[in-house]
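Two complexes are shown next, each including subunit A; its partner changes from subunit B in the first to subunit C in the second.
Entry: the complex of A and B
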């Protein structure tokens, strides 16, 4: 987030939520938003599902799955037509306003109405509200990023925030709500194929820092992304896999493909606190210390480094994760893993990225109850709001506006990019974004299928499903397939029926809930439940050209009603696939 | 004013600040479990086209459920409708009589089986023939020192207890005073 999450409550006048089910996935942030609304802030929600926040919103736009760029471009089209943009900000701090003008010229609010049924007047009102309010805050999550055009979606948000100057002040900014307590930290620490703390691997600074502190020459080549992993295992490029505290057999798209590919591994090690589905296909399973048994820092969605002391000592024979990694590194014979505490590791991070973390000492984190980076020295107060000086990270300090288009099919994207480059005479290396649908409904699979979370479970339920109060108290529904009313009409399915959703990648069976909250032609399910796990159907074949992300939030599927006998058959077959050990299946039923 | 002396107290949520997080249901389950009651949540977070909030027993003064119960498992108590699960015969008349859908016939699943990972789990109790169901409803966490668990755990403060004192002091008197004051000040003007 460019800003701090408490600003939803204290400063924002308009809160624009797109592709986020905030109250279910980020309840704390939703509370801040509601406090903001009580203060008088207006809430705009854009989502294919009428979420709880959508029901509280002043404006709700029910877009089709993946219809992000056309809507944002239409808003910008109206803002440009009515001259509601911030001319002063654009002139002084941005480059490429003409590119945006070119890219959005065909996206009128009327076109949105024609394509989606959302009233053009509503699009115009929302655009005016966002552009003209003293402080507009944009929040988004996976409903924007997990598409083949995820990066372009974010470029479009960035364009919108920049041309209206909604950045660099309290209650503004571009705010991805991070889905896990430390996902921002994992990225900052370099748990990515192209980053180390200190910058991108090919940059001079990262090279210099690695040489100075790690005493090694850093390979400047960018690695491959997680989404390439199954293919790389199958092609023999990866032969050893060590999964630590993750359950990719369920959380990664196209479950069957992932599990089958893991069979080609020479060695597969899983370390976790529970016997997850991934652990069940591993060669070696190791126990781990749980979150309450280790101390350290988390880096939250507001870029704030927070300290977490341990609540209890680890169970006998277990050590914190950092010690596990150090032990392995030392046995391999690697230099620089002689840490004695988590604090020493943090101090090395501070040395690696002094501009970002230099002033964030353990003492200050504890004393000041968290500090936001960048914080270059010990007298620096931290940076809860980025870009207050209205300077970007680019060398010239200007913000770049990126032309973003939308085409009919994935194969048209290259042509759009070439045409745009030619028409605009873009400088070498200037990005061009382009949105499209990764898959379109067919006769066999006529519905759009999207995935998400429920408030009471977390991801693959490794921990939350072990908690009886959540599993039997809060969650009385279990896995359900939610369908829109028009699908219910054409298929004759009613709430409570058993249904099977299938596409070319897999199928899941569960009880069906017919709901008016869903955009027409849309099916929704969650990935919490091993017995009916939505990622079996997710698309892992197509990728975002910038980030390599799979379109996890968008695929096509068909649904039909089944009887209890078939339901049990599918469930049993699925159970045996996900829990291959006969012994395990026997033991748990005692 | 003593009009509300002796009214039943009840738990209710403010839908404007409820975010539907279901923490109340988890708290309710835990409280029921700890008090030796049937371990199921007694309030259900309910989503409709207009919003979300938990729905639970209103502890009606002339409660249809207590009137209809043939065995006295639901009984008029001091200031709420008491429920005695151990003598319930599972006739489900209260479920029919309740105008709020706040009483359900429920049976507990086998504590020794981890249903979450066996394939029949989501057939739920339908797959287990021979369960005896009992009526469950909010009993204001009778026996729990800190009072209703849902009110205690609600992170937004959406759930609250309404009793005679609250009714008199914060609801009726305040509103009456505001109404009279508005009328008088308008008249003066």
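Entry: the complex of A and C
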């Protein structure tokens, strides 16, 4: 996030939520938003599902799955037509306004109405509201990024925030709400193929820091992404895999392909606190101490480093994950793994990236209840709001506006990019984005299938399903397939029936809930439950050209009603199972 | 009874929790009063999501896939000593890099684990010449 999450409550005048089911996934952030509304802030929600927040919103726009860019572009089209942009901000701090003008010119609010039924007047109103309010804060989550055009979606958001100057002040900014507790930390610590603490691997600074502190030559070539892994294993490019604290056999899109590819590894190591679905297929399983059993830090969605103490002793023989990793490194004979405490590791991070973390000591984190980076020295107060000086990270300090289009199919993307480059005579290396649907409904698979989470559970359920209050809490129904009313009509399925959702990748069965809260033609399920795992159907072939992300949020599928016998047969296909007790297996009432 | 102020292990909000500990067992979680992030509130996961720490299904011993007492892809997972586990991990990583190349090894790190753990994990790969490190942020 560019800003702090508490500013929803204290500063924002307009809160724009796109593709975030905030009250289910980030309940406490939703609380801050609702406090903001009490103060008088207006809430705009854009989502294919009529979520809790959508029901509370001043404006709710029910877009089709994946219709993000056309809507954002239409808002900018109106803002430009009515000259509601911030001319002063654009002149002083941005480059590429003409590119945006070019890219959005065909996206009128009327076109949105034609294509989706959302009233053009509503598109105009929310555009005006966002552009003209003293402070507009944009929030989004995976609902924006898990598409083949995820990065273009984010460019479009950034274009909107920049041309209206809604950045660099309290209650503004571009704010991704992080799903997992330490996504921000994992990225900042270099758990990515292209970056280490200290910068991108090919940069001079990263090379210099690695040489100075790690005493090694850093490979300047970007590594493989997770999404390429199954193919890289099958072609023999990866022979040794070490998975730490994750459950990709369940969370990875197209899980069967991943599981199958793992059979060809020479060595497969899994380190986890439970015997997860992934651990069960490993060659070596390494247990470790869990949260509450070790000291360290997390980085939350507002870039704030927070401290966790060791509250209890782990079972005999268990040590923190970092110690397991260091022990392996030392046996290999590697230099620089003689850490005696988590604090010593953190102090090395501070040396690796001094501009970002130099002033963030354990003592200060504890004393000041968390500190936001960048914080270059020990007298620096930290940076809860980024870009207050209105300078970007680019050398010239200007923010780049990126032309973002939208085309009919995957195959048209390249042509769009080429034409845009030519028409605008873009400088070499300037980005062009383009959205599209990765798959379109067909006769056999006429529905759009999308995934998400529920308030009680978290990710693949490894942890939450081990907590009785959560697994068997008040209105937990176990896995459910939700369908829109039009699908119910054409298929004759009613709430409580068994249904099977299938496409060319796999199938899942569960009880069905018919809901009026979803846009027509949409099927939804969660990925918490191994017995009906939504990611079995997800598209892991198509990729975002910028990030390598798979379009997990969008795939085509069909649904049909089945009887109890067939339901049980399908359930029994999934034998890999971490939660073996009968209670977990039992079919619960909808 | 002891009280520890810590951070929720679930979503990226990073709510602060006061954990109440008795005889080395967590007995209760409460929102940290007056903390800026969650100002005295927690969602259900923060309030009740700690029980897994004491689950009987936690694993405590390393396991290696073996057949007739030696490592085999076709074997079954058997409990082994830490010594054997570390030796196996270290020698396999080393030999893969020597026989093939540094880019033939890959690691998945974790967005659920600590900064310090993510840092040493990626360092393990990078000092050996591999940038093949990623995590599940994309999911």
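Heads up, the rule we're going with is that the second predicted complex is superposed on the first by the 573 of 590 C-alpha atoms of A that agree within 3 Å, B and C clash if a C-alpha of one lies under 4 Å from a C-alpha of the other, contacts with A are read in each partner's own complex, and residues count from 1 in each chain.
Note that in this section contacts are C-beta pairs under 8 Å (C-beta built on N, C-alpha and C of every residue); 3 or more make two chains touch, one makes a residue touch a chain.
None of these values were measured; they are calculated from a predicted model.
J.: Once the shared chain is lined up, is A:204 touching subunit B (first), subunit C (second), both, or neither of them?
T.: neither
J.: If you count the residues of subunit A that each partner touches, which comes out higher, subunit B or subunit C?
T.: C
J.: Contacts for A:428 in the overlay, against subunit B (first) and subunit C (second): which applies, first, second, both or neither?
T.: Neither partner.
J.: Is A:517 contacted by the first partner subunit B, the second partner subunit C, both or neither?
T.: In the superposition, A:517 contacts subunit B only.
J.: By the touch definition at the top of the document, which applies to A:193: first (subunit B), second (subunit C), both, or neither?
T.: In the superposition, A:193 contacts subunit C only.
J.: Output check: A:31 vs subunit B and subunit C. Expected answer is one of first, second, both, neither. What do you get?
T.: A:31: touches subunit B and subunit C.
J.: Pick out the shared contact residues on subunit A: the ones touching subunit B in one complex and subunit C in the other.
T.: Shared contact residues on subunit A (touching subunit B in one complex, subunit C in the other): 27-28, 31, 455-456, 468-470, 473.
J.: Inside the complex, what are the residues of subunit C that reach subunit A?
T.: Touch list, subunit C to subunit A: 2, 4-16, 19, 21, 24-26, 35-39, 41-53, 55, 57-65, 71, 73, 77, 82, 85-94, 96, 100, 102-124, 126-139.
J.: With touch defined as at the start, can you tell me which subunit B residues reach subunit A in the complex?
T.: Answer in residue numbers: 16-17, 19-23, 25-30, 33, 39-41, 44, 47, 49-52, 109, 112-114, 116-124, 155-156.
J.: Under the stated contact criterion, what part of subunit A meets subunit B in this complex?
T.: 23-24, 27-28, 30-31, 34, 50, 52, 55-56, 455-456, 465, 468-476, 478-479, 510-511, 516-517, 530-532, 564, 567-568, 571-572, 574-575, 579, 588-590
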